[in-house]
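The following blocks contain the structures, represented as structure tokens.
Same chain, two partners: subunit A is paired with subunit B first, then with subunit C.
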Partner chain A sequence: MLRYIARRILLMIPTLILISFVTFIVVQLPPGDYLNAYVAQLTAEGGETVDRQQIEMLRERYGLNDPFIIQYWKWISNIIFEGDFGRSFEWNAPVSDLLWGRIGLTFVVSLASLLFVYCVAFPIGVYSAIRKYSLGDYVFTFFGFLGLAVPNFLLALVLMVISLQVFGVTPGGLFSPEYAGAPWSFAKLMDFLAHLWIPMIIIGTASTAALIRVMRANLLDELNKPYVETARAKGQSEAVLIMRYPVRIALNPFVSRLGWELPALVSGAAITSIVLNLPTAGPILLTALQSQDMFLAGSFILILSVLTVIGTLVSDILLAWLDPRIRYS
Partner chain B sequence: MTMQHLRRSVGTAALTLALAGGFSVTATADGHLHQAPMLDALVESGDLPPLAERIPANPLVIEAIEEVGEYGGTWRTAASSRTDSWMYRTINYDHLVMWNQDWTGVVPNVAESVEANEDSTVFTFTLREGHLWSDGTPLTSADMVFAMEMLRDPNLGIPSRSYRNAAGWATVEALDERTFTVTFGEPYGTFLQDLSRVSSSEMGDGLLKLPRHYMSQFHPDHNPDGIDQLVAESGFDSWVDLFNARWSSYQNAGKPTLAAWVIEDPFGEGTQVRAVRNPYYFKIDEEGNQLPYIDDVIFQVYQDNEVMLLQALAGEMDFHGRHINTVPNRPLLADAAEELGMEFIRLIPSSANEGAIYFNQTFEDEAMREVLASRDFRAGLSHALDREAICDTVFAGAAVPRQIAVSPEFPPLYNEQLANQHLEYDVDLANQLMDQAGFAERDSQGFRLRADGERITLVVQVRTDKQDMIDIADLASRYWGQVGVDVQLDVVERSLSDQRRDANQHMILMEDHSSALADAILAAAPYLPVDDDQGFGIPWFYWYAGMDNAQEPPEQVQRQIALYREMGETSVPAEQFEFFAEILQITADNFFALGTCSEEIQYSFKLDHMRNVPDVMHGSFAFAPPGPYHPAHFWIDDESLR
Partner chain C sequence: MERGHVIPMNPVDPDAVLTVRNMKTEFALRTHTLKAVDDVSFTLKRGKTLCIVGESGSGKSVTARSILRIVPEPGKITGGDVILHREDGDVALHEMGDRSPEIRAIRGADIAMIFQEPMSSLSPVHTIGFQIEESLILHTNLDQKARRARVVELLRRVEIPDPERTADRYPFEYSGGMRQRAMIAMALACNPKVLIADEPTTALDVTTQAEILDLIQELQDEYGMAVMFITHDMGVVAEIADEVAVMYRGQHVESGTVEDIFANPREDYTKMLIGSAVRLEEPSPIKIAMQAKQAAQTGQEPILEVRGLVKQFAAKRTMLGKLVAEGVRAVNDVSFDLMPSETLGVVGESGSGKTTLGRCIMRMHEPTSGQILYRGRGTDTEITGLDKKGLRDLYADIRMIFQDPYASLNPRMTVEQLIGEPLRNRKLGTPAENRDRVADLLVRVGLKPEHMERYPHAFSGGQRQRIGIARALAPNPKLIIADEATSALDVSLRSQILDLLLEFQESFNLSFIFISHDISTVRYFCDRVAVMYRGEVVEIGNAREVCDNPTHAYTKALLSAVPRPDPTRRRIADRHRYVAKDADLLSNGASA
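Right, the complex of A and B next:
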């Protein structure tokens, strides 16, 4: 088991190097650089004319004229050796100041959604498998497909309009105005939790639906296997039997999903976050990409990738622990 | 043209204004000044000096648009980004001078008075006695000298349009505590107008945005001993980054300001920006009440305009005039208006054109240039367009057919020929003009040919971010097809469009422009090549600016440029208008570009309880609405909200 974990961790290193490299290429891919976007933005509305000489000096100072590989090396070496993610042009602030708070909130929201997804999907999945083609199964399947089909952002908009029409309030944000700028306290935490459930449900809906289907299908495969019949013939109680054997095997995809559920939640959360006005990673990443704020965008993608890789590792370890066959192959 | 250079008139206006202010203070009902109730306790406890010590000896007295208001409440509005001009225009429009409300000229604001010299190279400003920053530090000429040094510092590269003209940066010299001069190397007749605009960075008036006692700690020349430690603590790599991060009012809570509200919750933390009353604000109403009336201003920050619209529809926006006040949204807002008690404000649009089509007179390919240079050909293309149909289709009736021109709502510069020539839809006339221009020959598919026998193919460059222009171009290309002209649309991303334009590679370029009211002379590029924001003669602009890749413009254009330079020597608007009217006549004769539609309807909206907001406003960005109407004297006429 230990060897297995060590090998997986070693494999992470080249993966991460590759990710950081590709990230940087992708962020740099569009024509022009941040200063083009900046000049366009300044001239867009105010008729601000920007000194070309000044722009050239800025380009020099930010090292935007350097060859790609040098820019990459400067960026990545500062991150590795000094923990310095560079500077956001757009925000005029160190990237680390912007990064951690938002990443933190993103993961709180994502993990809450994940928890919601598991808590809802697991019992429903098991129920619909055992009571296949019952009325309950049909009802859950119907809502499952509905949840799968409705885009998150649309659901968010619909919920917001309903909340406006029925309750007369606009939901959105993760904090009430009075707590938005306040330091963390118990009251702020409570306020946060009160706001959390809306994005949690919206972001989780599609995944819930998908997981219900997966759980149901897997369990159905197992339920007809001979060992189930045998155990049943030997008088094993139905509840213990199902929970102990077929469910445990059907659980595998549930766990292996963990790794890729995280990035899906984060990217799915981007659009929803914009609509719901959440101070999470998605919206700021989007604007950073639009304005070619490369260090900010690059750092966000890098951190999210690292967390995804770690998520995959955790899910692999969990799987190996759950299912001995994986450990030995 | 012979014209006397008169002494600038603002100085006189300032003098009368100063007298009125002094008079008003002593003439208040009980002969006293008053402050917001929330400040009384602070003064009592000694945390704040008494009002008389906080405001200038000669405060600016605001005549109310509707009535004297009452203190309290929150102005709820919204913003979309850190550099959202709506924030500059509402809570940060306190420049040395400002527009008057009918937009015919400039009046003093932070400055008590200003005077220009004979040829508009030296401007002498006087500050108000006892004027304090929002932290109680005196505002002096030394602040101005320091700020100018920072604006000029090439290391910093602070974006600022003001205090700079063709000859470079201005120099600022302090004459005494309250008086200073701003000197330019070349005449700059529109300096005070330019200073009254907001820009897309908050440095609309850069001299007032860099308080010396606060910003000097971040500059090694002024804080040689402490700078290294500050940089180290900040997480930035260099003092330059640190300095540039600290001048942004919207990111630094409590940065000293002269504005009516001070940022308390800055941009970036959470989803709102909140600004609270500045107890040192320099404006009072007619009864001696210190402004602002409203306690605080909250901008909800949205990335999505649809969600912002939802806030307005929920009745949670007291007054707003950007992002969502679009023509398509109007029915939606009108629907909710009665229930919410919402009123619409008419904005007078400044729209020289929403789809200006420029024919590159300096296009590289000679055979094609000949086509583009033919006035009859262009006139023919103009007559081939059914603009009524185009404007109705694209703008749902909110725009009217017009060439690129000054609006009839600004009589001093309105030119009937410029606005309306070649405007009527007449296919026969269009064909006749183009035949007459020498392009009567057609190929087998019915398309017109140029002199060398090749088909005329017009390539129209449009920007991806301007859907209206794309729609106009699309319709125009169909109308032109009907008169035998082949058109290709080249829809490109904005920065690429700009790059090609600057390299003079475009054949036909589409842009949109305001420049239809008093702002016409400030952003004159649609009318003559004094900037690169046009498409008919980029190398001519290079010639004007003395840059590389220049081409000498034809005589008529040189005449325009000469008039423009002469205009720069006077600071008197009436004289400037005379010069500019002559320039516009030449523009009309040249007809290098044709217009399509000009916006006619713009609006913004407010809730009934928001008072002292005018029913009709100038809407142009250059005018910075609602800034010139003194947002500090807006008030909330609803006890439950105060």
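Right, the complex of A and C next:
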């Protein structure tokens, strides 16, 4: 088991190198660079003409004229050796200052959604499979498809209205205005939790609906397997044997989904965050991409990718722990 | 622990352990109600074996499940009495709810059951030890240490090597025979009075089957339990039964002692079952007639010459060079000739390389070395040297028939498309001509031309196999490789299909390579037989001689493990056993 984990971690290294490279290419891909975008913006706003020489000087200073591979190396070596993600052109601040708070919140929101997804999808999926074609199964199926079909932003708007009309909580954001800039305290935590449920539900709904279907289908496949009959013939009670045997095996795809559920939640979070005005990574990533603020955008994407790779690793380790057939081969 | 409602009724027979009276189980299907078990009665006796025999769909498995009340949806037990006779009185199982604690206390404790498929009947993600222990947790008050000791003892009793260690292994680390032994250990955990075995050896090789039958017999002698043994194989019935109950379409058509049933069967169905099994003990009359005719023709050239054929499967390694799978020499230096209109049987157990051999001749596997010379077209064709186009041409001459009549027909194609496909692929005629050809083939295999428009699901297993045969015959082949072509069929269909193939062999001068694990079909159908063991042909010769007087020790062991459908001449108890010498193992492994 330890060797398995060690091998998986070793294999992560080439994956991460590739990801960082591709990230940098993608961020560089649009024609021009931040300065072009900046000049265009200035010209559009005030009709000012910008001094060509000054632009060239800036370009030289930021190393924007260097060949691609050297730019990449400067960027990645600073990250690895000095933990320096570079400076954001647009915010004129170190990327790391902008990043950490937002990445942290993004992950709290995503993890809360993930927890919500699994806690809701697991029991409903099991119920729907065992009581196939019952009234309850049909009801859950109906809501499941509804959850899949309704776009996140629409759900966000609806919940915002409900939140304001029914609960009187100001919708949008993750904190009430009085706590937004305040240091962490118990009161701020409670306020945060009161705001958390809306994005949690919105981001999680589609995944929940999908996972219910996955769990139901997996379990239906397993319920008629001969080993279930063996357990029954042993005299085991129905509740125990279903949880111990078919559910345990049906969990495999449920767990392996974890790996790609994470990036889906993070990207889902971007749209929702913009609608709900959450101080998470989504909105800032969008503006960074629009203005070609390459270090900021690149670092964001890189960190999210690393987290995704880690998510995949966690799900693989969980799988190996659950299923001896994977562990031993 | 609740042990059920005790009813005052003395068993008629003091040895009776379980009485089943007028049992009825029905399945409510969409169109009609299927009476899977229709008024079945029998008694199980201490230390005796009752064989329930019948073909697929006869309701024998549902009968077993009805006793334990574990009939799958949408089945419903609609009537009858099931009474367990215990020292403390009689218990009426039929009065218990399907999920009641009372019936659960009986399952696995008083009545235990083992199943057909030893792989899928065990949970893949729990250790063997835990799955046995579960019965002990449910039905005994033993503490953890005592349970562990009992598990090890049980595994040792069923001859699992090194049980202290192997108890913590998972089913996928066990071989098929070991899994079935573990299943038996699980069933025996609580010393049951009744053991229900549902086709426990059907998925196993004959030698493994013989071992498992031996084991059940031994355990029965030791513990004195009543055994209800469900099988479709009259040979197995003759070997192990004390009493026999024959079932047909849910009804109990005949029962009696095993000697009686085999000597004086009353019902036509029983006669047919025994007749089909006995018939396969001798070469087919058609075959004998053909052999007489062929003896006159001499000086013929073989249609196929195989020389030094080797297939080495490469070892699998991961990216980091870690060995995942050992390399295997699946076919090792195999040579033989096949004459026109001759049938060569290839027998062997699973993993002996017989299927790989067939596939190498078709180049579905690329042979590692060796020659395959095909003479069916006037000129000599070296099959190992053919390119893609050459192979396509060859596939009109050499055809295959497959084992599984369900999996080998595309469910989305009509019968006409299926049978006509080789003709269309080879552009062998106009659509109208091909249609006529398909109609003609359908008649020849015993179906009707109007079946052309139908899809495979509308046909039974035997009919589907006929469609598969028609498809193989469509482009007028000269050689047919039949890979376990009759193994999935009931015994009554088996001889029918073999007779059909013999007829075609006679009228079209077909040659066959008939791959089978079933020695009796080989004796019935083949002129010569090659016995394969670990990739090598250990013996090859006239089918009758090899079957009656085998010379190689492995062939002897294989043949003596085959159950004989004659209760007066039981043979598997004192069979030959073949243990591969280490030298054999090494030569096989070292060449890898």
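Here is the rule we use: the second predicted complex is superposed on the first by the 318 of 329 C-alpha atoms of A that agree within 3 Å, B and C clash if a C-alpha of one lies under 4 Å from a C-alpha of the other, contacts with A are read in each partner's own complex, and residues count from 1 in each chain.
Please note the rule applied: a residue touches a chain if its C-beta (ideal position, glycine included) is under 8 Å from a C-beta of that chain, and two chains touch if they have at least 3 such contacts.
Everything numeric here is computed off the predicted structure, so don't read it as measured data.
Novice: Looking at the superposed three-chain arrangement on subunit A, would you call subunit B and subunit C a clash or a fit?
Specialist: fit
Novice: May I ask for the angle at the C-alpha centre of subunit A between those of subunit B and subunit C, rounded to a multiple of 10 degrees?
Specialist: 150
Novice: With the two structures laid over each other on chain A, which partner does A:Glu229 touch: subunit B (first), subunit C (second), both, or neither?
Specialist: The answer is second: A:Glu229 touches subunit C but not subunit B.
Novice: Once the structures are superposed on A, label A:Leu58 by its partner contacts, choosing first (subunit B), second (subunit C), both or neither.
Specialist: Only subunit B is touched by A:Leu58; subunit C is not.
Novice: Which chain, subunit B or subunit C, ends up touching more residues of subunit A in the combined arrangement?
Specialist: B
Novice: Regarding the shared-chain residue A:Pro279, is it in contact with subunit B (first), subunit C (second), both, or neither?
Specialist: Touch status of A:Pro279: first partner only.
Novice: Under the stated touch criterion, which partner chain does A:Gly147 make contact with: subunit B (first), subunit C (second), both, or neither?
Specialist: A:Gly147: touches no partner chain.
Novice: After the superposition on A, what does A:Gln41 contact: first (subunit B), second (subunit C), both or neither?
Specialist: Only subunit B is touched by A:Gln41; subunit C is not.
Novice: Given the touch rule stated above, what does A:Ala93 touch, subunit B (first), subunit C (second), both, or neither?
Specialist: A:Ala93: touches subunit B, not subunit C.
Novice: Minimum C-alpha distance between subunit B and subunit C after superposition, to be given in whole Å.
Specialist: Nearest C-alpha pair, subunit B versus subunit C: 41 Å apart.
Novice: List the residues of subunit A that touch subunit B in one complex and subunit C in the other.
Specialist: Comparing the two interfaces on subunit A, one with subunit B and one with subunit C, no residues are shared.
Novice: Which of the residues in subunit A end up touching subunit B in this complex?
Specialist: Touching subunit B: residues 31-32, 36-37, 39-50, 54, 57-58, 61, 84, 87, 90-94, 96-98, 157, 160-161, 164, 168-170, 172-173, 175, 177, 180-181, 274-279, 283, 286-287 of subunit A.
Novice: Quick one: in the complex, what on subunit C touches subunit A?
Specialist: Against subunit A, the touching part of subunit C is residues 68, 70, 72, 99, 101, 104-109, 112-113, 115-117, 120-126, 131, 134-135, 138-139, 170, 172-173, 183, 186, 320, 324.
Novice: Within the complex, which stretch of subunit A touches subunit C?
Specialist: 7, 224-227, 229-238, 244-245, 248-249, 322-325, 328-329
Novice: Please name which positions on subunit B make contact with subunit A in the complex.
Specialist: 81-83, 85, 154, 157, 159, 161, 197-201, 204, 234-237, 240-241, 244-245, 248, 251, 264-265, 268-272, 274, 298, 300-304, 306-307, 310-311, 313-314, 316, 493-496, 498-499, 522-523, 531, 533, 621-622
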